[in-house]
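What follows is a set of structures to go through.
Consider the two complexes below, in which chain A is the common component and chain B and chain C are the respective partners.
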Partner chain A sequence: MTGAAMPTPTVSVPAGNLAGEPGAAERAVEDAFLRRFLYGTFPGILADEAVLKRRANLLVVCAVLARGLPPAKLYFLVGYAKTLLTHFYKCPMRLELQTVPAKVVYKYL
Partner chain B sequence: MAARWLWRSLCQGSAFPVNYASRITQKQCLPPNSNLMGARLAGSHVDTQEAKTNPLVSISDEPETLYKRLSLLVKGHDKAVLDSYEYFAVLAAKELGISVENVHKPPKKIERLTLLKSVHIYKKHRVQYEMRTHYMCLELKYLTSSTAAVYLEYVQRNLPEGVAMEVRKTKIEKIPEHIQEPVWDTLPQVEETEVRS
Partner chain C sequence: MALVGGAAVAGAGYWAVLSRCCGRVVVAPLFGSAAYSSVPALNSTEGQQREASSRRRGRTPQFIRSHASPRTEKMAVDQDWTSVYPTAAAFKPASVPLPIRMGYPVKRGVPPPKEGNLELIKIPNFLHLTPPAIKKHCAALKDFCTEWPSALDSDEKCEQHFPIEIETVDYVSAGTSIRNPKARVVTLRVKLSNLNLDEHAKKKLIKLVGERYCKDTDMLTITTDRCPLRRQNYDYGIHLLTVLYHESWKTETWESEKSEEDMEEYTWENSCSQKNALDTLLRIKASENVSNVTKEELLASEVVKNYRNSVIALKNEGETEKNMSQYKESVKKLLNI
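Let's look at the complex of A and B:
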């Protein structure tokens, strides 16, 4: 039985897409950059699409990782990602990670 | 008995942390004994002393601006999120003793886009997207500026992600002096001359 990979829905609902709210395009560009950045920083370990949330100025990234790297290297990568993104986007950033033994299977075909 | 029952319902119903409930216990649970009357007064005095030395509480002599109405318009994509936020905001207003004038839900707005489905040709095949914005309007009446500041800070810090809020305040001001009396009363009286045609 092969597992079907999760269809990639972009799980980030910033307030920019609401009627009369500015900044939809900027948020979309930020989201695209953040997803590519995370895909590159955690090579082959990302189990699922990251969930991006924005509360006022704070940017919260919730990601699920598979257990491929030793914890010391993971801590370094987390610190590197946080500092770089905080300085790049000039806003506080929180990275909430969860490790999972294997990649989450959406559906068996 | 009634006081204890009230305290229990307040404890269970309040969404605030334990410090708030413990302050209520100091005032209500003491029986009205003559020996303890002095102690209860001393306890309430201690509370005001703590408020004065608390760095977060500032006391100023300026008269506060009064707001007739504080209107919060909350917009979101998901109606369930807005419903839970409405429950939270109304509960917070009740706990702080702010009177809620009206909670109503204006109709939703849908923005629809019709785009070409394919990259190059196939003009007859299109894709339609829509973005729904649900609204919820909460109106509070007769607040002072410090109450409004506290309530707004609490409510805005707990705003869910993907939800936007607009705040409109209606101030109450004294009528300026030059309008207080009608102009025709202040003018010198002119004798009416009869017009003979």
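Let's look at the complex of A and C:
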């Protein structure tokens, strides 16, 4: 049985995606880049699509990882991702991670 | 790579084994024994991301470290929750000691548990806003607050001292820019009864502003957005109010040409209705051969006054049952029917 994949979740509260509000396009481009960046930075251990949240200027990336790397390497990757992204986007950035033993299936089809 | 291998096989039971095998194959060459020495460092560093929930470091199958238990198992019941979630943060299953399930239920089963549950991460949570946390916030903010002035204890007093209301809107959005062009709009509201205007000035002001005056609430509303900055729009609004006030007090020479169509409400004096009524009455009196009754006497008489009031009511308030019957009565009395 295959599990259904989740659609890419971006929780941008509130503006941006409201009708007539500026900045929706910029946020969408940022989100696309962030997903590719995370997919490359955590090679093979991203268990699920990352959830991107924005709180005013703060960018919060919540990712669920599988346990495939030793913690030292994970720490390095986290620091690398955070520093690089804060410098790219000129905004504070938080990376909230969770590790799971196995990939969690959303729904069996 | 471990995930792909795991997904290809049905049944969750095999996943852990396969991922273990793949992990061993791939990761082992990269490992050094130094990896184990970093473990004590792991536990001592703070890091909400490192939940200490089972980091598996299985290098060889015969040596499998015991998984560190999640923090929830070590939490006291009366702990200080505000230090677990001091600010808004995503849901961390190993930090929240609640057995929450969320999502689409497994067939003939329950919704999935909280570990790795993306649905719980997606939604905003208010774990950082428990009542004790809010009490702490209020206590911290109290130092920056001042009392409301005791002299302004009612709406009327506020209106009396501050008759002009200014309305501006600030916009907050998620993103790196705080600019929003809609923030430059300024709305001024003032009641005309608070302005020092006489009859002529009030009528002239209402004619000048047109739609911006609401008759029911006696409120003049000026909305300015033609300048790029809020401060400029505010200054322009105040300037407009000042100009309107001064202009309405002035009387121009051409204002004497105000005709009956320009009048805001109906006045009976010098109207055709008055002329017709007086005309009719004089003719009646003449045909009855009564001595010359003067215009002033006629005007002062009761029946003419009634007629005048009913006509004014009809013209100003529109046709209602009451007005029409009043008019009928006054006409009957006037013509002695």
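Worth a mention:
Basically, the second predicted complex is superposed on the first by the 93 of 109 C-alpha atoms of A that agree within 3 Å, B and C clash if a C-alpha of one lies under 4 Å from a C-alpha of the other, contacts with A are read in each partner's own complex, and residues count from 1 in each chain.
Following the convention adopted for this analysis, contacts are C-beta pairs under 8 Å (C-beta built on N, C-alpha and C of every residue); 3 or more make two chains touch, one makes a residue touch a chain.
Treat the numbers as computed from the prediction; the structure is a model and nothing was measured.
Looking at the shared chain after the overlay, A:Val104 reaches chain C, while chain B stays out of its contact range. Looking at the superposition, the partner that touches the larger set of chain A residues, chain B or chain C, turns out to be C. Of the two partner chains, neither chain B nor chain C is touched by A:Pro92. Judged by the touch definition given at the top, the superposed model places A:Gly68 against chain C, while chain B stays out of reach. After overlaying the two complexes on the shared chain, residue contacts for A:Val78 are found with chain C alone; chain B is out of touch. In the superposition on chain A, A:Glu26 contacts chain C only, with no contact to chain B.
Comparing which residues of chain A touch chain B with which touch chain C, the overlap comprises 13-15, 21, 53-56, 60.
For chain B in complex with chain A, the touching residues are 75-77, 109, 111, 131, 133, 156-157, 159-164. Across the interface of their complex, chain A is touched by residues 1-3, 6-7, 10, 12, 15-16, 19, 23, 26-27, 31, 35, 38-39, 42, 47-51, 53-57, 88-90, 92-94, 103-104, 106-107, 112, 115-118, 121-124, 171-177, 180-181 of chain C. Residue ranges on chain A touching chain B, taken from their complex, read 13-15, 17-21, 53-56, 60.
Of all residues in chain A, those touching chain C in their complex are 1-3, 6, 9, 11-16, 21-23, 26-27, 44-45, 47-49, 51, 53-57, 60, 62, 64, 66-72, 75, 78, 89-91, 95-108.
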